[in-house]
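A, B, C, D and E label the chains in the order they appear, each numbered from 1.
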């Protein structure tokens, strides 16, 4: 399988803040690739850069999608090429109904029947949305909004789907389900780039994984390898937490990666 | 009784031109959340262009009006394209100032080009003839304005309710980033909205001009239109028209029965009262942010 | 004395009862958690306690006093502070000022004494400095030093959550409501939060009411748990009891079997 | 890392010796100003200083509390009329009348603040706009206030000293302006100012932290109206003649423009905005007497436009400047200043 | 030469006017003055000095008037001020000019404020609105036999003094005003006003409003099939303009006139502003307007009034001789008796703080009626009106 998305050495600035410091990444077609990293590592920024949401960025480097350069294109164009992003913080259209939100997801599509089928599919994934179909999205609970955001992205039938912390604020059962759904979507032929804090789940579901810190990748590899890595275990999967929470074990180890 | 009816009818007549301005305002507010202070001048320039087409190029009135509407469409699009779009991370106040700046530029331009002289626009039907319904007069021009307002409102209403582009406009207003992520060409959507809005405003301008034309002719209708749009709920098209009729009728009844002197400001008192009861106007759902 | 109790709290939005006869009681000093599926009405309960929503029915007792119907600032004055699920920081202030706002209730400087702050000996100057000291303590506690003078709007999500916590602490509440304090954090950061919550409970003696989806954390630190579903309480008790409760398992935690069939009961439809 | 050497450092007036130096220079300049410039420029300084007062006050409302107002000309009018009426009818001395006028304006501000509690955005804009035009209409109808013909200001005497020239009045205006600006600056640095910002950024969160929304929103309105009222009272004595037409909607819009173009949410921004835009407003009407440019404009008008309307070029220029400021520097002139400072800090790299 | 604003070769004269804003149509006054001064200069100036005319745009805003007057006075130095549009604008600078003893001649509005109380250095030219109203009312009652007279008035000096003049004359005839309808300057919708008039069944309506409002009132009333005898003031006496902006409705309207055409001996005849019989007007049209006005300038009342208002000042400067001082000019003005340019006869007297007549200037006007093609049918001779002092 070839590389669907190919990022080469991009650098991104927010005004004077140097957020992404030379990052390269390939997402192979048909795979799920996960990016892990601390708060503020720059995960969201990478996704936003690829989507062309940050004006005049990336500052350096190139982004290729299915053999075509997409850096510098308008977000709208990129979306029309087949990339879809479920943004961090949901970003639903607060004063549109749930149905209208979903229909907006299918804005670029012309096949009416396909859209209706996909709508049914989304409702099958997230039955609660079917209940709330006429409610303004702004009044949904946090988790409901998250489901809506994912559903909306699916409505555009993307080739490549970016998910920015999809499990944020979801109940355990839904987290489980979301990852099942991710897997399922992937099996239906959608390539996925996943940004997650829930390292364990993310590594379980993905094929490849990268770890980002301070705007640089510090680790790359197959997910099943990373899952065994001691450092990853300790800092991202919180293995230690099981024993220690009530025991006041407040010592901290400095992370040493290289 | 006849007087009362006459006041109501006259109120509706003047309300119709407010309604057209209000519709234009609502359109732009829906797309970019700007209280658009250049609404009046977006109509003013095309009206003067129509005048110029008639007087300097000797074209027929119909050709001139058509030309003005086309020009308005272009003007609206251009304003969005050249100016409004360039605003970096615009906030509401910044956008208000930009529209005020545009207002000054366009008004200055019209006054510079055409001078302050007062004039009137030729019109195919006499602007002073009227028809009578059971003792109540209504001028044909007013009737025309009324029809125009209702037709345009209905058209726009269905457009927003049922067309994908209509919903896309709403989406663009609420969350532009997300709208772009849906593949909506938000810039184009906004540009078209500005164009349509300018055109709707120009219809109002063209219907006012046969009675009187001068560079400041659109300021008062614009303010009243703004007021009407606010009463109606700022995002609701029927609300805008309804609000405009309320403003028109209240002004007339107040002027007729209470006081002529405060007629000019009574509309604002009504607004404050309405807003005290319904803070988001009559026709808009009041959205309270959920935390 | 009742420290804090919610009795028959009902909140209806049109036909939808987001909270339906919710009752529970908290004793001073404990950590009490509310769990439940998305849309179960947890945040709604918080909003009712805070006075952001006017409850349709029921009462909210805080220190033997019914605080239902009080405006949010009065509730704050009574000694309840909170954090928000979707971060409600003052994005154009820096971290320190955000936390300083938490001291609002403790400062007596009004318009005049504020406007006439000529020098550090003036009333307002002294008060600022004094409260600043408290704020610095909180900044130290939460390890926010590097962010002290940064505008919070552009800070990472996790840091913003911490600042919110700091702001709530600055109000020196007796009861602290935390709405998903760990959302969006990685394991290490979550652990820090857990420690802080314990510290807050132990060192500052603050009672904590907590909403959280991370079951490890909830099990770890909470003394008692209430589980909601469709606005109704379905189980209450110790972590062990609640996590074993069949309804909770079905609706919230998901049993292993449920996990295999994704589009099933989990986000379940409202029973008819 | 900037460590807390002292808690006071963040809030004190002069963060460093350099600022003390510049403040002293500024003060000396202000003192010497009337001796350095012709009377007309002294008049202009008075006019600008008064605009500074209004705009600093307006900024407390718009920039800090996030409430839009298109009705400040109304408060301004109330201040102007109240000052003159209190002096000529009730025999108040000037300063007392000025303060009372400010308080009367503040009372109106409080009243306007009440319906404003639930309003935002365009709804608030139109409500305040309505207030502004209604006030002037009402004043224009009250014969006691001179109606449409306007009022002349009585003679100004402070503690036995008559102040009837622009130069004498200058010092009074400057003292009041500096005091009010410092007051505003201090307010923004302390509890009340923080509460204002909190309301602007996240009012629900502010409320749950104990900020009384009703109190602080109406306080912002009242405070801002007080500033406008005091400024209005001074304005009456700068012009020495007032009439309702002066306090038009355009004036309200102009105030707002000065505040926004200067840069909201700072104290220096509005000052810059008031200075630059007032100056432009007064000077642009002379645009045709600028050498070369004026001739060229006339020539252009004769061939493509109209000579009778040539003065309208000032609007075009003014509007274009506004647009340019907002497009290139959304934070206004203050943002420009910050950027320049940043740039020079790293100079020469 | 010691006097401010006078050099060996120049005399500086200032003027303000709205060149922009809603009142911009009145800006033509200053441009008329400007062309007139240029014409004088082209013909050798006055005693070897050229008149340097400084006019600035104040947009009808008193604050800007003050600023501009101070700027010109203190930086360039004006010898005198001519005309100046707007009652409020004039009031705003009146004290300043008077305190500094600077002559100001011919404010271009007919407000009583200029002469009541009289000021030593302020010379009025424009016949007061009070007079317009008197003559129109008198004519309607006695010559036309009208019974119900209504007034539409703008809510400022112009309108209010018109209303006062009408009331004064009605009282003399023991009549009541049928209706008084106020108009706010910002009003654009005249339907309620027309309704009021129709309800009152007024047979004559005096309009003390701007030309734009006149056009709207006439049109609206016509659409309501309400057509009384309309009357208006000197302000709306520019018939070609009014015929154009009312699309012909102005035919038959009677207005007052302060000059520009000569009623003496011509009563009943038709005069045309474009081909005036008035000799001086014809000359001005040919020499001042056609040579010195901008190409897009309109030869109308406003423009010519700009000449008429300053004729007395120019005359006084001429009479004062080469050794020019302000006091001399004032003295010459005070001596002026029956001076006539293109307006009515102008008389001033020695300064008497009790007597407005010493500064009132022109007190006579006549009535004209608009014909279908915008010419003036002259109805009366020059009639002298009465000054009504402030009532308090």
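In this text, contacts are C-beta pairs under 8 Å (C-beta built on N, C-alpha and C of every residue); 3 or more make two chains touch, one makes a residue touch a chain.
Predicted, not measured: the structure shown is a model, and the values here were computed from it.
In terms of the stated touch criterion, the partners common to subunit A and subunit D are B, C, listed by label.
Counting hops only between chains that touch, subunit A reaches subunit E in a minimum of 2.
When every chain is reduced to the mean of its CA atoms, the largest separation from subunit C belongs to E.
Greatest Cα centroid separation from subunit A: this falls to E. Pairs A-C and A-B differ in how many C-beta pairs touch across them, and the larger number is found at A-C. In whole angstrom, the spacing between the mean C-alpha positions of subunit B and subunit C is 47.
Centre to centre, using the average C-alpha position, subunit B and subunit E are separated by 37 Å. Once the centre of each chain is set as its mean CA position, subunit C and subunit D turn out to be 42 Å apart.
Within subunit C, residues 43, 52, 84-86, 88 each touch two or more of the remaining chains. Along subunit B, residues 108, 111, 115-117, 261, 264, 289, 291 each make contact with two or more other chains.
Looking at subunit D, one finds that residues 137, 141, 204-205, 306, 308-310, 312, 314-315 touch two or more other chains. Across the interface of their complex, subunit A is touched by residues 13, 35-40, 43, 85-86, 154-159, 180, 183-191, 194-195, 198, 213, 215-217, 220-221, 251-254, 258-259, 262-263, 266-270 of subunit C. Across the interface of their complex, subunit B is touched by residues 62, 68, 115, 118-123, 125-127, 129-131, 133-134, 137-138, 141, 204-205, 249, 253, 256-257, 260-261, 264, 301, 304-306, 308-310, 312-316, 318-323, 326-327, 330 of subunit D. Residues 50, 52, 71-73, 75-77, 81-82, 84, 88-93, 96-97, 100-102, 104-105, 107, 109-111, 113-120, 124-125, 127-129, 132-133, 136, 145-146, 149, 167-168, 171 of subunit C are the ones that touch subunit D when the two sit in their complex. Within the complex formed with subunit D, the residues of subunit B that make contact are 29, 33, 35, 83, 86-94, 96-98, 100-105, 107-109, 111-117, 223, 226-227, 229-230, 234, 261-262, 264-265, 267-269, 271-272, 275-276, 279-281, 289, 291. On the side of subunit B, the complex with subunit E involves touching residues 3, 6-7, 10, 13-14, 108, 111, 115-120, 126-130, 132, 137-139, 141-142, 208, 211-212, 214-217, 219-221, 251-252, 255-256, 260-261, 263-264.
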